[in-house]
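Pasting the structures in now, so scroll down.
Two complexes, one shared chain (chain A), two partners (chain B, chain C).
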Partner chain A sequence: MSQKEIVLHLYRSFLRASNKFSSYNFREYALRRVATGFRENKNKNESETKDLIKESMKDLEMVKRQSLINSMYSKNKLVVE
Partner chain B sequence: MNRSILKLIKNNNYLKYNSKSAFNYASTQRRSFATIGQATKSKADEKKPIYLDMQSTTPIDPRVLDSMLSLYTESYGNPHSKTHDYGWTSNDLVEDARDQVAKLIGADSKEIIFTSGATESGNTAIKGVARFYKEKKNHIITTVTEHKCILDSCRHLEMEGFKVTYMPVKENGLIDLELLEKTITPETSLVSIMAVNNEIGVIQPLKEIGKLCKSKGVFFHTDAAQAVGKIPINVNEMNIDLLSISGHKIYGPKGVGALFVRRRPRVRIEPILTGGGQERGIRSGTVPSTLAVGLGAACRISREEMERDSKWIKHLYDRLLKGITENVPEVKINGDPEKRYYGNLNISFSFVEGESLLMAIKDIACSSGSACTSASLEPSYVLRSLGVEEDMAHSSIRFGIGRFTTEEEIDYTIELLKTQVERLRELSPLYEMWQEGIDLKTIEWDQGH
Partner chain C sequence: MIRNTFRLISNVSRPTFVSAKQSPFMSRNYGTLSEKEITDRVINIISNYDKTQGKTVTPTTTFKELGLDSLDAADILVAVEEEFGIEIPDEDADRIASTAETITYLRKTPTAK
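Then we have the complex of A and B:
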């Protein structure tokens, strides 16, 4: 896979994982932060992108863990939902 | 739900449809089946209000929780145990956290002491410094808009025999630097001025105050609970000698905070909590490793996110302010409109009573005045010290915007405020009189004999 494909696959995984947060505020923040993060690092060169990919794999694991915990203790929805 | 009753219905065709939705239909119709459904709306159906009270506390960032959980499950050792791996691991994690806290404010990790919160840090700093230097210096300067923990500590010191000057603030909430210079005497040991006010959000001129204090040889303490991680703070550039940090104001856990105590030039403190000599002897007691690691993670995340957060929060602040001023006339912002932290908007609505407005906008979780003083019926002392009139002080609401607030929540707030303020004003006789052009200050309320 080319680096561009890896990044796109990672982006989609992040969005899918972020949507699993049951808490409205965390879900919206995660989606927004992922988009901002990927947009900021749009124009990095190959070696920098490699490091960023490694770091974001760890972040992806964290999002998956936390969204699961969040859903275990979730309560009612907010008025804006 | 009662399965036997469901069977009864199905078998005897009491209802037209043979499905679960029919069962619900029956329950909403409140038939004679007393056990089906609930008479009142169950708690499970009620929706929670949106959270706009970031100054009282903040939700724990999922990344912070992630860093804390392993200490609750696996690395549960006492960080002060020097004889086994559990202790060493715990200690390493706590020292990492200490390093992160120090980096956020530009300090050295040896200068950070973990406490139970900003209240304890403030108590330790003020009482500790005052008591240590009391032979030669027994004067302390603070402001009238400080947090209750600082004001109360000063009050206690007054009872011990110290002299305390509570400096007034200007109408915009900021202190007058020339007045401060005149107030400092050769007997002054400490000046304590908070960085960002928790009720009105104004940012004090820390750099100038620090420079002034250093030139006069006076220690400078700042309660930066609302400021760390939100505005850039550097204790060396700003000449700060003592600084209080609160965990639960920067998306960290409740029950932990930190105190920065400068080592060069050394600030000596008489400790409040004595015991095993932990935390350089200033704060004895086992460091809560789980909470300390949470605080460290919160500080690290704040450092990385500060720019993004402040851009987002300013965007939401502008949206909220524009929405309110365009849709609701006769409102006034309390505190300087420019030199403020944009996550805090304190607005007074004329001709509307604060508590009744808070009840009317129950779908928004915000506060009028500060959480620590909301038990009393008096209007906030901070607003009164700004010179805000009593009726406006009573009708003030504080909105707190944070990292996790969304645009929809802001829009919802604006809509709700628009309708509720209008409704309450229609009920207000004062508003009627003002609309007719009567000057409210000329009204004789007392029918004297």
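Then we have the complex of A and C:
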């Protein structure tokens, strides 16, 4: 599997995990942060990307944990939703 | 009494048996969505994406023609997943690079709603 594919799979997993936040503010922030974070590091070289992939795997676990906790304490929807 | 009951059961069960026998000859179910509905919803998602504002999206446009990179394409596919309530496996998602391919994939996915 090429590095590009790995990054794309990670990106997709991040988006899916971020969408699971039940709170509007957390969800929108996570989606925005993921989108900008991946685009920021778009032109990094191979070894830098390798380190970033390792780092982001930890972050992905964090997003998954936090979105689960967030959905346990979900409240009413905001007016903007 | 027992015989009567048995006859009753067999009478009841017979019609269902016949109808079950016909099912292999029925046309295969490719989901309940019509092609037009899928096309409309997919085009709606793509044209509402930030970077495609002001561009015309037709069923034959590729993501490249719209100036989208692979990350943008991933954004769109996740939006499509949300809209249709499915999860596109990574191997399939890697191959989808145009509006037409998205629509074909959804046509082949019976769980899309």
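Just a few scattered comments:
We take it that the second predicted complex is superposed on the first by the 81 of 81 C-alpha atoms of A that agree within 3 Å, B and C clash if a C-alpha of one lies under 4 Å from a C-alpha of the other, contacts with A are read in each partner's own complex, and residues count from 1 in each chain.
Convention: contacts are C-beta pairs under 8 Å (C-beta built on N, C-alpha and C of every residue); 3 or more make two chains touch, one makes a residue touch a chain.
From a predicted model like this one, the values you see are computed outputs, not experimental measurements.
In the superposition on chain A, A:66 contacts chain B only, with no contact to chain C.
In the superposition on chain A, contact is made by A:25 with chain B only, not with chain C. Between chain B and chain C, more residues of chain A are touched by B.
Residue contacts after overlaying the shared chain place A:42 against chain C, while chain B stays out of touching range.
Looking at the shared chain after the overlay, A:74 reaches neither chain B nor chain C. Of all residues in chain A, those touching chain B in their complex are 21, 24-26, 28-30, 32-33, 36, 62-63, 65-67, 69-70, 75-81.
Note for the complex: chain A touches chain C at residues 4-5, 8-9, 11-12, 15-16, 19, 35, 38-39, 42. For chain C in complex with chain A, the touching residues are 70-71, 74-75, 77-78, 81-82, 87, 90, 93-94. Of all residues in chain B, only 43-51, 59, 62-63, 65-66, 69, 308, 312, 363, 403-406, 408-409, 412 touch chain A in the complex they form.
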